[in-house]
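These notes concern the structure reproduced below.
Letters A, B and C mark the chains as written, and numbering starts fresh at 1 in each.
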């Protein structure tokens, strides 16, 4: 279960049936839940004084793919799944069923809900708040410094079921509302109303999400997306998405 | 030839004179052509049910640089060259002489022609079609989902000799025509005519490519680029570029 | 000090008290200063004919985090600090106290001053010139080819104390002036005057930096930033920032 080339601290607390890949290092201050799989070339529980002694806690049934780096001091619910070369810093608190795509960079001190999906290469700045069932697409950055460089960090907030498309920047303190859609390559400079589509640089109101129809020949509404997209979600979990 | 720390499956089919770097893992379902070099810390042939049993096939004279991850089920012609930390998923079919820069992320199910050059940190979404002699520059993303998240994937197409400059997003289904140039930091929302320059957010027609002159003091046309840029191409290969 | 799994060339010149992490490779043509720490899974001093035999020289007190790749032929002053998975190519000359964030890609042939801070995932193209005390934020690209692809490389220049915010592209040859601020998600197509704020696609003049006030309740000016932001700088080093 533990590859002979892996280096696992005897202080680390591994649950039952945890697999550890080749050349992977598990450091001291780590708790990993049962039935988790840690890929090759990972560093799990990198020490940092910024964690103030808190452990890295990873829930059950996690899959962490190769070359990923997790620091001490963050907590993940069950069924965390990552791509390759993910970085997660200290003091992030995430719910269950989080997916972080390849090259994702979670800077720490974030709050992340349940069933959130970050596609490849997203950058989640410190103090970001991400709700439940949120989707963030590649090369999107959630920022936090209103006048860089400074020590004033104002995280942004992405609310439940919102989707932020590729190569978007969300400016500090902005709230992206529930069930909204931010179009690709946008700079979001002010709050996005729930159930609306915005886009552009700077992002402007385009239409209510109800105007967007599925390009699958059915003519059905594309949003709220749980009305048609349920892949990978457990049965019933999306039943109350309109609340 | 095979570093003593490498872990190579006895089932993998390695050609003559293949070099395998330190701490690299070659899995079962892999064929690598003669005279190829696999760098350090690579994972070659990562198993996935999505490959449906197909092998990862890499042609002759490949150079794959360190920390790269290739899944089962994709096929590459001869002389593949990659930078560091490249990710390639399943079921992509690529021609010969492909270059993938550092941090490139090829999501799988793509068709890629011959002599294509992806610079660092490009993201090629599933179902993308890329012609021959195409150039794609850093932080460019080829998307595929017209209303994310959904199961409707409509790849975009980049035709022969086109160049897509840095930090551009191409929206789903868009065709970027032959010998065209997409300016940096563009959002391409509709088809790009051959031999034209577009740019901006959203990208608009700027001029025919024939208006762009080389900044090398000669005043010659910069496009079609094979008229002046031939570095790394075998003699004669670009002779018929205007066809 | 040198992890038993590390592979260190006997030709490499390591100073006193240098730590080398697990599974890391130090190649022949390398000089590392005293009291430096090289993380796990790094490749330090990758050979390339493009370095023309020049060594990789890293000053004292460096911290290079895991999975990073440095080529031969570049030189760094003391107190270099990097994040994870950094790539540095040949023939870059950098001053002291450089910070390169996670996933940074320094393409080589660059000149970089003292106390420069690159945040995560910046791409510094060949021939870039970066002054002293410069800040460059995530997903920013400094370009160099005015009509890609070509062999005409015209680097851009970022002058002392300038800050370039997230997801910005600076076009070839552009000069970003002292103490200026480039807003997030900008395409910088022409020179930026000192002490001004620009932004947008294409970037336009917004206001003098003196108009930007700190959002910390004090109402003080946010720029020049050394008037309020000094974290991590040695005492006195910023005293003459207005010169």
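Please note the rule applied: a residue touches a chain if its C-beta (ideal position, glycine included) is under 8 Å from a C-beta of that chain, and two chains touch if they have at least 3 such contacts.
Here the structure is a predicted model, which is why all the values come from computation and not from measurement.
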item: Arrangement of touching chains [line / ring / star / complete / other]; value: complete
item: Equivalent interface positions on chain A and chain B, same or different at half; value: different
item: Rotation, 0 to 180 degrees and nearest 5, that superposes chain A on copy chain C via CA atoms; value: 120
item: Averaged-CA centre spacing for the pair chain B and chain A, given as whole angstrom; value: 27
item: Numbers and ranges of chain A residues touching at least 2 other chains; value: 23, 41, 67, 85, 103, 121, 139, 167, 201
item: Contact set on chain C toward chain A in their complex; value: 5, 22-23, 40-41, 66-67, 83-85, 102-103, 117, 120-121, 135, 137-139, 163, 165-167, 181, 184-185, 200-201, 212, 214-216, 222-223, 225, 228-229, 231
item: In the complex, chain A residues that touch chain C; value: 7, 23, 25, 41, 43, 67, 69, 85, 87, 103, 105, 107, 121, 123, 139, 141, 143, 146-152, 154, 167, 169, 171, 187, 201-202
